[in-house]
Every structure is written in C-alpha cells, then in structure tokens.
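Next, two complexes with chain A in common: one pairs it with chain B, the other with chain C.
So, the complex of A and B:
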C-alpha cells in the first residue's frame, strides 16, 4: 500500500495542486495544504538506503520551509504569487526523483525538474524581459540539461524498457563495459553536479534565478547529480576509470570553486561558486568509496550532502532577504543588515557555524566523518594524501568566503535609509532562522532513520550523551550571540 | 478478400473528391456546402484508413491486386505496418487541415485549396501503399505538382511565386531522376514490381513468371539506381543540403497547407528511403557493400543536417520558419534512425514522424488561433488559454523529454537503436540537436505567453463568439490525440511493441517477397 503509485505520487501532487488553488483566496489554508503535501512524502523515509532516506528527509524539511518563504518573497519582489506553484512543482519533482523506485520514474521526474529549472532561471526574462536571465537559462539548457539528457537516455537505452519499468534501481543489471559509454554518462552527471569541465553554467544560472529557485537549484538539484553518481557505483562499471575521472575533475573543481568564491563580491555568485566546490568534494568522496569500498566514505558523503543542502538553502534565503530589504547585492556596499534584523544575522551566523563544523550540527558530523574516512585509508595510497591536503585547503578557503559573506551582515556601517523596503520582507527572517536551527536538530535523524549497515553511525547513537551536552551548550551559545548582536546595535 | 477493397478505393476516393469539389465550385455552389462536402469526404477517407489500419494490424501484410492481375504483370498495392500508420497520419492531417481551412483561408482560393489538398493526399496515400516503382513515381509526382500549386495559391504575393518557382523547378528536376531510376530498373531487371526487384537483387538467377531473367551488368545499374533514388528522397524530405526549398515554401504557403506538408507530403522521402534500403535492396543483396557505404554516408549527412538545422531553429522568431527548420531537423533525425539498421530504431523513426506531424499541426493551428483571438473581439480573449496550452503541448512534444508525450518515446527508441548497434555517441547527436531545437521552442513558449492584459474587463461582454468553436475543437482534438497516444505508449507495453514490430517487419524483405508472390 505504501509502495503504490497513489500513496507515493498522487496524494502529494493532489494536495499540492489544491493547496495552490487555495492560495488565490485564503493563503492560510493553501499553505497548510502545501505543507501537508510535503509531509505526506515522509512515508518514504523508511528504506534500507541511508543516502536516499537522508536526501528525502532533507528535501521534505527544505520543501516545507521554502514553501512558506516563497509566498512572502514572491509577493514582495513581484507583487503576485505566480512564483509559488512553479517552486512547489520543482520541489515535488525533485522529491519524486529521489523516491523513484525504477528507472522510468527517475528519468521522468528528473527531466520534468530540469524543464522547471529552466523556466525558473528564465523567470526574470519572462516577467520583466531581463535578457541576462535568458542568456543564463540558455547556458543552463545547453551545458547542463543536454548532457544530462544524453546520460539518462543512454542509461535508459542500455537498461531496456521492460527492466526500466519493473526493476528497482539498485538491482538493475547494467554492464557498462565500453569506456566511451562510461565517459559520456559521467560527463552528463558532471554537467548536472557542476563539476569540471561542465561547471561554468552554474554561477550565472544560480545568481540570476529568484532566490527560492537558487536555493532549490543549489541545494537540491545539484545533489541529483551526486545521487546519480552514487547510483552508478552499484552497477558493474570500470571502477578504476570511474574513480580516476571523478577524482581528477572533482579535486580540480573543489579548489577552483573555493578560490573563485573567495574573490566574489556579489552575494549570490559567491554562494554559487561555493556550491561547485562543495559538490565536488562530495563527488570526490563517492569516487574514493568506489575505489576503496570503505563504507565510511558513503556515510561521510551522505552527511556532507545533507549539511551542505541545508546550509546552501538557508544562505540563499538570506540572500533573498538582503536583496529585498537593501536592494543591493554587492558586499562592499552592504554591512548593515544586523541593524535591520538581528534575527537574520543570527540565523546566517548559525548556518555558517553549522557548515564549518560546530557541534552538534550535522556539518560537524560531516566534517568528522570526512576527515576520518580519508585519514583511515591514508596508508593505502598517495591519492588519499592529495585528497586530504586539498580538503584541508578547501575547508580553510570556505572559512574565508563565509566570513566575506558575513561581512554583508556585520561591518559596522550605517544603513542607507532611503532605499529600504521593509514590511513583507521582514517576515522572511523567521524562515531563515527555522532552517538554520534545523541543521542542528537534523543530527538526531540518525536515531530515526535506518542505519543498520553503518557501524560508525550506530556507534554514534550510543554516544548520545555527548550530543545532548553539546546541544545544551549550543542553546546557551545562541542566547549569548543574539545578545551580542543586539548589544552592538545599541552601541 | 472482400475487406481489402478499401485499399484500392482510398486513393481513387481522394482523386474523385478533388474532381467533385472542382465541379461543384465551377457550378457555383454555396461556399458552406462545399466546405461540408469536402469535410465529409475527408472524414470518409479517414474512416477507410482506420479500417485498413485495423485490418492490416490483424493480418500483418496485405496485398491488393488491381484488376486481379498477378504481380509483376499488374500493379499491386502492398500495405504493411508502416504504410498503414503513415497513411492514417496523412488522412488525419487532411481532415484537420480542411476543417481548419474553413475559416483560415480566403474564400476565393478555398475551393482551389480543397482540390489541391485532395490531390496531394491521393498521391501520398498512393505512394505509401504502392508495391510498384513506376506507380511510386507517379504518386510522388502527383504530390509534388500539388505542392507546387499550393505554394503559390496566394498569387498576389511575389514571394509565393518565387517559392513555387524554386520548389517547382528543382523538384521537377529531382523527381525526373526517379523516372530515370524506373527506366533503368525496367531495362535491367525487366520489372517494375518492388518485390520482384527485391527477389532478383537477392538472388540474381531468379526467374519470375512474367518478367523473366535479369539482363546486363545488374550490379552497376543497381548502384546507380540506389544512389539516384537516395538523392530524390533526400530532396523530398528536405535533408540538408537538399533543404533549400523548404523554408521558402513554408514561409508563403497557407497555414493549413503547411500542416499537410509536415504530416503527409514530406514524410514520403523518409518512407521511400526505408523502402529502398530495407525492402528492395535489403540487408543481403548484390549491392551489400555499396549499400553499407551509402548508409554510413547518410548517417553523416543526417547527423550534420540535424545539428545545423537545430542551430537555425534556436534563432527563429516566427512560427513558420521555426516549423520549417524544426521539420528539417526532425526529418534528419529520422534519417539517422533509418541508417542504423536496428528494428527498434525504425519503429522509433515511424513514431517520430507521427509525433512530429502531430506536434507541428498543434503549433501551426494554435499559433494561428492565438493571433486571431488576440486581434479579435475583446470577450474572446479569455479563451486564449486553450490554444496556448495546445501550443505548449505541441512544442513540448517536439522537444521530446516528457515521457507522457510521444516525442519522448521516439527519441528513446532512437537511443536504444544506437546503443544496440554499438554506437552510443549517436545518442549524443540526437540530444544535442534536441537541446538546440529546445532553445527555439522555449523562446516561442515565452513569446506567446498570455499577458495579464489579455483578460482585462471588456466593454460589451456577450460571450465567446461562435466562430471560435471550430478552431478550438480542432485544437482540443489534437491535444487529446497527442496525450492519449503518449499515455498509451507510457503505460502499455503492447503499444510500444507494435512500433518495434513494424520496424522488424520492414527489415524482413523475404517475408514481403513471399507474401506478394503467394497465390491468394
């Protein structure tokens, strides 16, 4: 019953469509129905695959918060609510991709999501005739959508149509023996996850899209490429070729993205470049798993994916807030957001700390697992030394660009009172705070989800007293930080 | 075989219809009556084609002897899977085009258009069904001449005359190559019957009842025949570099005529290539190596043609040129599918021609309706959403990445064909051209987006006018047919297997020869 198409797809879709119809009249009922539609997908959480369950859980949380955020954002920026159904549809199609059981469902919802992504990137062109958006959307179509389509169609062709409809994804018997086929498929998924050489579409596309769209694109859609790479590891492929290609491109993009992010002064381009960097390090972890077979790498990449997704979504929500409140995207001309909204600055600070690894956030677990996994295998090959060095450099650069981003919030400057557009926009801050806090609460999902195969996570469950102590200290820290920010306003 | 009489009648029916319309117009019957008679005749043709389709699906391959004469003495019609489904598409396109032309063609040329449309479809159906090379030439010539006349139906437009001259002169030259082909085949093989040629091409010693043995250096002649025929069919389908006439014609022909062109007249080229390369000069004949070389050459031509024309599509701003270059691109993709030589790919090609026809018809009709509604009465403007949805569905169908529309399945089968043949790079070519075309399609979707000003309050709101009923009905029918076909393809295995079986049936030339020459 739970596995039937009705429960998995029809019910959430119907709830979402009815909710969107209600949005025209009573926003409160509409929002409740849409939140319910996302929550109704939580029946898919209890499966054997940890990566999949964590992605679904993250997407549901992000979906709920973004659904509420988009309503206020759309009304503030465009004056209408037309952005809301498209964002909802995109979230649902990404969620449906993650909960697909067979190849044809995956391909269907993947392609639908890409089409909606194109419409959202070109949204400013459709709405206001802004040609930069159309140029970015065209780049997205040619360099991300077309290569991914090539990969998906090749996979569909190799699988054959009877198996595509019936066999569950992980038990497909795919024999990708031809190296050209493997390279074509890999490049397609690189284009989706923005790894070298098909990474250059991402900064333009994610910086011109409306902020909730950028949040989904950076937070969830690039993870679809990672999910596909993870799925490929279950089939019989040439493991040496796979890991060498992914390692080479991934390590290159990690460094390139992190360095570019430190040089940007536009808040959204900074976040976009940081997405390429973080996604590449996750891909590197998956490649290391394929190379070594050590399951610790899968745990690390799972936790890092979740941590980065929540971080990126909250940062893009924050950039949307800044854009609406200050009408300015350049960090050099900002620096006063903490005066307008201390809550927002606190939320951003919490997200940054979470991704940099403050316990008990999930970013902390991610960093711990990532470095332990690399160090655990370090004696086996020189590759691990290289990865460790590059990961360390990347982490330090991420501290740099996160601080640069935070300078938009706190740089001791007077706000330019003439151009502030408050009101509706101030409602957005509570959603950003919600999602920042959730990255700390998300750690406790390891208790709910199925981690039977992962001994390290089971071990973590036993050490729950540590997590609870760090949670208490964290609550105290929030209180202190908030008071610090408010104290700075008065002075 | 009493049921087989429809096969012989259908082409004749369209011919007689055109004569009837011409006579009625001469004796100045009322315009609405002529419209009704034309639509009725087209509907009868469609019903006959549906009957033929269902009958051929149950028995596989149908042979109809004109006058009862056995082949190769007499002319025969051989209807197999791909013939009947493409004929179904042609008659469906004719019916919708006639219904649409009731309101969208100027009354003074409308009767002339009906006459030409019926002649054209008679030629299309004849060439799809025929089992005889000379009959194929005659039918193709009939299609061609009607097309030249339809192009210049707006005599006052100098561009129309120019397009008709370009199309007419180059078309006549090229189709006369086909006549040369029939001469050469008759002189060497001694026969004009396709099955007979196929039999003698695979077994040079064969002796058939009325046509005897072969004569002369048959390998040399067959190579020339194959090469010339290829060139003719490349021209008819508008593959680059023989595409130069297509954008000119599509810019000036009346809109219902463009619908017929994409859905029935221009698919003759691809159909002819399939017949010549798989039925007549099949996989194991005396020109095997030459045929393989030509197939490789065609694959290169098709690949380059599809990508270059897709690049043109991405830059188009007007619907007519978009449809023109998009048709060139899709026909080139079909050519790619034909050259692979795998049954699934040929099934995909047939499905691709069908989805291209449906998609182009949706686009043309909905764009015309949107223009008329936007310029017309204010109270009609709220109805603009229906043609817009039809436009979006047509464009998404051509884009081909939504599994609920038939365009996706044709591309999937093309990809499967490439992978099965050991050439997965071909999938990259298919999808690069898809992506480039998609830029043009998305531009159209955004351009025709209904603006909020369209549904503003109107001064005297007296409901939707009656003249919109017919176009909106046509569009709704097209949308329903597209979506139903797509859903059946997605949900039901046997519908997809029908197309794959058509592909394998076409490649099985021995079965074709056996059934034609059997005594029944």
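So, the complex of A and C:
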C-alpha cells in the first residue's frame, strides 16, 4: 500500500495542485493542502537507508516551511502568487527523486526538477525582463543540466531499460569498469553538486534566483549530486579511481569555495560560494567512505547534509528578508537589520551557530562525527591528515565568512528609513526562526529514534549525557530569549 | 522601540548564547575528563570554536584581511593539532604539544593590535581544552613521568605567560618567589651554621669541612636569593625577542595576504576562460559525436 505509486506520487501531487487552486481565493485552505502534500510523503521515511531517510525528512521539513514562506515572499516582492506553484513543484520533484525506487523514476523526477530549476533561475527575466537572470539560467543549463543529464543517460544505457523499470536502485547490477565512463559519470554529478571543475555556474545561478528558489537550489538540489555519488558507492566501480577523483576535486573546491565566500560582499554570492565549499566536503566524506569502508564517514556525511540543507535554506530565507526590507545586498551598506527585526537576527545567529557546531544542533553532531571519523583513520594514511588540515582550514574560513555575513545584520549602522520596505516582509521572520530551530529539533528526533530502534549513529550513545543536558539548557535558553524579545516588543 | 534598546536586545541575546555555550563547553569537558570520554572533550573543543564566533560577532571584528588570515591560521592549527595530538604517542605527541604551545605563545605576543583581545580569548578557550586533552592523554596512555611533568610545566608557563604578563599578578609571583627563596635560604643557612657549631664542639676535624660547606651553601643561597635579576633580564629579552618575531609574523601575514589576492585574481581569470573553453569543448564534442554517428551509420548500411 505504502509502496504504491498512488500513495507515493499521485496523492501528494493532487493535494499540491488542489492547494494551489485554492490559493487564489482562500490562502489558508490552500496553504493547509500544500503542507499536507509534503507531509503525506512522510510515509516514505521508514526506509532502511539512513542517508535516504534523512534526506527525505529534511526535504519535508524544508518543504513545509518554504510553502509558507514563499506565499508571503511572492506577494511582497512580485505582488502576485505566481512563484508559489513553481516552487511547490520543484520541491515535490526533488522529494520524488529522493523517494524513487528505481532508476527510471529517479531520472524522470531528476529531469523535471532540473527544468523547474531553470525556470526559477530565469524567473526575473520572465517576470520583468532581467537579462542577467537569463544569462545565469543559460549558464546553469549548459554547465549543470547538460553534464548531469549525460551522466544519467550513461547510467540508464548501462543498466538497460528493463532493469531500470523493475530493479530497486541499490540492487542494480551496474558494472562501471571503464575508467573513462566512470570519469564522465563523476563529472556529470560534480556539475550538479558544484564541485571543481564544473562549479562556476552556481554563484551566478543561486544569486539571481528568487530567494525561496535559491534556498531550494542551494539547500536541496545540490544534494541530488551528493545523493548520486552516494548511490554510485553501491555499484561495481573502480573504488580507487572514484575516491582519488572525488578527493582531489572535492578538497580543491572546499578551499576555493570557502576562500571566495570570505571575499564576497554580496550576501547571496557569499552564500552561493559557501555552498560549493560545504557540498564538496560532504563529497569528500563519501569518497573517504568508499576508500576506507568506515561507516562513520557515511553517518558524518548524512548529518552534514542535513545540517547544511537547513542552514542554507534559513540563510537564503534571511537574504530574501534583507532584500525585501533594505532593497540592498551589499554587506558594506547594510548592518542595521537587527534594529529592524531582532527576531530575524536571532534566527540567523541560531542558524550560523548551529552549522558551526552549537550543541544540541544537527551541525554539532555533523562536526563531531566528521572529525571523529577522520581522526579514527588518521593513522592509516597520509590522505586523512591532508583531509584533516583542509577541513580545519574550511572550518576556520566558515567562521570568517559567517561573521562577514552577520555584519549585514549587526554593524552598528543606522537604517536608511527612506529605503525601508517593511510591509508584508516582516511576516517572513517567523519562518526563518522556524527553520533555524528545526536544526535543534532534528537532533532531538534523531536521538529519540536512536534510543528506540536505529542501530546506526552509534557515536550518539557516547554523547548521550551531553545531548540531554544541552537539550535541557537549550530549552531554557530559548525560553529566556523568547521572554527577552517579547518584553522588548511590548515596551 | 528606540535604536539603543534594539542594541541592548541584541547584545543580551548574544550574551545569553555565550553563557549557554560556555556552560555546555565546561560541562562537556569536565564530564569528558571524569568519565574518560574523548568524544566529550572533542565536543567541548567544538563548542569553544562557536564561542569564538559569538565573541567576534559581539566585537564586530573582521574588517581587515590580515585579521582574517591570523584567525584562520590559529584556528586551523588548533583544530589540526588537537586531532593530531590525540593519536600521536609519546615523543611525537610531546613535541607537537610543545610546538603548538610556542605558536600560541608567539601569536599572543602580538601586542597593540586590534585582534589582540580576541586572540587572547581564543587562546584561553583553546588552551583550556588542550590542558584537558593533555591530562586525558596522560591518564589514558600512561605516558612517562618526565613527559607528564614537561606537559604540566609548559602548560603552567603558558597560562602564566598568557594571563599574567601584563598584569600585576606576574610581578607578585616574582615577589613571592623571591621571598620564598630568601626565607628558605636564610633558614637553610641557619641550620647549616648550627650544625657546624655542634660538630665543632664534638669533633675538631670536621670543623674545616663543615665551615667550607656552610660557606659554599651560603654563597649558593645568596645567588639564589638574587635569581630574580637574571630572571627579569631573561624575561625582558624574551619579550623583546617575541615582539621581533611578532613583527616578522605581521610581515609574513601581509605577504600571504598579497599572495592570496594574486592567486584569487588568477583563479578568477582561469575560471572565466574555463567557462568559455568548456563551452567550446562541449561544442566540439557534440560535433565529434555527430560525425562518428554518421560514419557508424554509413559503414553499417
């Protein structure tokens, strides 16, 4: 019943379509139906694969929050709700890609997602004739869509149509023995995950798209490339070649992306460059898993994927808020957002601190798992030492670029009242706060699941007392912060 | 709400968060040491890095690239060394620890710069976790007494150096040590004199030996009582030396910064040309594939 196509694809799609029809007249009913369409996909959560389950769970949470955010954003920025159905469709197609059982389902929804991504990047061109958006969309088409599609079609050709329709994804008898074929496939997925040498489309594409679209592209769509790399690890491939290429390109992009992010002064470009860096480090973790077979690397990459997805979505939501409120993206001319909305600044601060490793967030778990995995294997090969050094530099650079980003919020500048466009924009702050806090709720859920039935994430057991204490203290902290803000709003 | 009130709210938020983080970090490290869990100490170390972020946000730093380069290098070294020490056994671990302490020591000597306070706090946080880790390593891997003592001495020196160098406490430590040496010296001298007098009464032969011994001990103790003078000279020389190294570091940082800017502009150019060449490559490849397909079809007709 749960596995049927009707339950997996038809029900959510129908709910979403009806919801969007309702949006024109009754926004509340429409929003409820749209949220239900994402929630109905939670039946796919109970799968044996940790990576997949976590991706689906994250996408559902992001989907629910973005469904609400996009309504307010679209109305504030464009005055209409035309952005909403495209965003919903993109979210659903990404979710369908992650819940696909066989290769043909995966390829179909992957392609659908890519096309919708193209439409969203070019949205400002469609809406108001902005040529920069179109240029970025074409760049995305050429350097992300085309290479990825080539990889998918190679996989489809190797598998054969019968098997592609019937065999579950993990059980495919794929033998990628030719090194050239493997390199071609890898480069295609590198293009999706924005890893060197096909990384350069991302900063342009993610910085020109509307903020909810940037959030999905940066938070979830690049993870499709990571998911594909993860799936490749199950097939018969030259493991040494796979890990060497991914390690080389991944480590290079990790450093390059983080350094470029530290030098950016446009909030969206900064976030886009940081995405290339973060995605690459996740790919490196997968390469290390393929190289060593240590399951801790997969667990680390899973947690890092979730942490980064939530972080990036909340940050792009925040950039959308800043754009709407200040009509400005240059950090040097911002620095007063905390004076307009302390709640938004608090949400951003929480997101940044979560990804940097504030307990009990999912980012904290990701960092502990990542460094533990590397240090467990450090004595076996010099490669782990190199990865450790680069990961350390990346962490320090991430502190730097996050502080630079936060200067847009807090730099003791006076707001330019004449340029402020508050209106509906202030509605958005609560959604950013919701997604920021979800990073902490995720840890709580994972911990409970780990205690109940999951056999994975064994390292969590060693952190039990720390998690319990930090969760309790965090609840107290949130209560205090809530009281502080509420008291000030009243006064 | 006025602008000042907003400022207060934001600073209160940051302070609350900082308090929370410090509390959790301390809890994690303490528990890690008590239950001998390395993961918990690691967690404490991670949290200390987030504390660094909150401090930086509060002080609104990072306006200059030099500051970025400094902080990045310190944090990177700290993280790498933390995990390296975890696995390095005996001598290598000790050498790494000493090297790391020296690096932090030099970095801390960069007086008169804007980031000095931040660096102090970073060092403070990170050092606390190094001490915890070292202690943990000592108890876990049963290092030799000599190594344990070396670690403790270096740590103590570092802590004294970091926290007391610019305060009165450092000079008070000097005064205290001088007082202790004088008191100890006088007492030992008295004991020796009394002992020699007693011996003189009983045995004439031992008179010369005891007097000689007493004189030599007195001399040594007199020297010891004035040990603070060369100690202060060494201290001043060290400070001078450290300041010179600090200047060198500054020059080195500027050099690295310029180098990075050059590399970045080169990378930008490469990226730009890559975009075009890749497009050209795709175009050529598609033509090649098309021609091969035509040939294949023609040959198989």
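The rule is short, and it goes like this: the second predicted complex is superposed on the first by the 457 of 491 C-alpha atoms of A that agree within 3 Å, B and C clash if a C-alpha of one lies under 4 Å from a C-alpha of the other, contacts with A are read in each partner's own complex, and residues count from 1 in each chain.
Methods note: a contact is a pair of C-beta atoms (placed from the backbone, for glycine too) under 8 Å apart; a residue touches a chain by one contact, two chains touch by 3 or more.
Keep in mind the model is a prediction, meaning the values are calculated, not measured.
J.: Which term applies to chain B and chain C once both are placed on chain A by superposition, clash or fit?
T.: Aligned on chain A, chain C clashes with chain B.
J.: Counting only touches as set out at the top, which of chain B and chain C does A:197 meet: first, second, both, neither?
T.: Only chain C; A:197 stays clear of chain B.
J.: Taking the superposition on A as described, I'd like to know which of chain B and chain C A:252 touches: first, second, both or neither.
T.: The answer is neither, since A:252 touches no partner chain.
J.: Touching A:399 in the superposition: chain B (first), chain C (second), both, neither?
T.: After superposition on chain A, A:399 lies in contact with chain C alone.
J.: For A:157, is the partner it touches chain B (first), chain C (second), both, or none of the two (neither)?
T.: First partner only, chain B.
J.: Where does A:111 make contact in the superposed view: on chain B (first), on chain C (second), on both, or on neither?
T.: In the superposed model, A:111 contacts chain B only, not chain C.
J.: When both complexes are superposed, which of chain B and chain C contacts more residues belonging to chain A?
T.: Ranking chain B and chain C by residues of chain A touched puts C first.
J.: Please work out whether A:462 is in contact with chain B alone, chain C alone, both, or neither, and reply first, second, both or neither.
T.: In the superposition, A:462 contacts chain C only.
J.: When the two structures are overlaid on chain A, which partner does A:142 contact: first (chain B), second (chain C), both, or neither?
T.: A:142 contacts both chain B and chain C.
J.: Could you tell me if A:364 is touching chain B, chain C, both of them or neither one (first, second, both, neither)?
T.: In the superposition, A:364 touches chain C alone.
J.: Pick one for A:32: touches chain B only (first), chain C only (second), both, or neither.
T.: After superposition on chain A, A:32 lies in contact with neither partner.
J.: Flag for me the stretch of chain B that overlaps chain C after superposition; candidates: 294-302, 366-374 or 492-500.
T.: 294-302
J.: Please write out, lowest number first, the residues of chain A touched by both chain B and chain C across the two complexes.
T.: Correct list for chain A: 142, 146.
J.: Which part of chain A faces chain C closely enough to touch in the complex?
T.: Listed in rising order, the residues of chain A that touch chain C are 139, 142-143, 146, 197-198, 200, 256, 259-260, 262-263, 338-339, 342, 345-346, 349, 352-353, 356-359, 364, 367-368, 371-372, 374-375, 378-379, 385, 388-389, 391-393, 395-397, 399-400, 402-404, 406-407, 410-412, 414, 459, 462-463, 465-466, 469-470, 473-474, 477, 480-481, 484-485, 488-489, 491.
J.: Chain B touches which residues of chain A in the complex?
T.: 104, 107-108, 111-112, 114-115, 118, 122, 125-126, 137-138, 141-142, 145-146, 149-150, 153-154, 156-158, 160-162, 178, 180-181, 184
J.: Which residues, counting only chain C, touch chain A once they are in their complex?
T.: Listed in rising order, the residues of chain C that touch chain A are 1, 3, 5-7, 9-10, 12-14, 16-17, 20-21, 23-24, 27-28, 31, 37, 39-40, 42-43, 46-47, 49-50, 52-54, 56-57, 60-62, 68, 71-80, 83-84, 86-87, 260, 264, 267, 271, 274-275, 278-279, 282.
J.: Taking the complex as given, what residues does chain B use to touch chain A?
T.: For this pair, the touching residues of chain B are 401-404, 411-412, 415-416, 418-420, 422, 424-425, 427-428, 430-432, 434-436, 438-439, 442, 446, 449, 493, 496.
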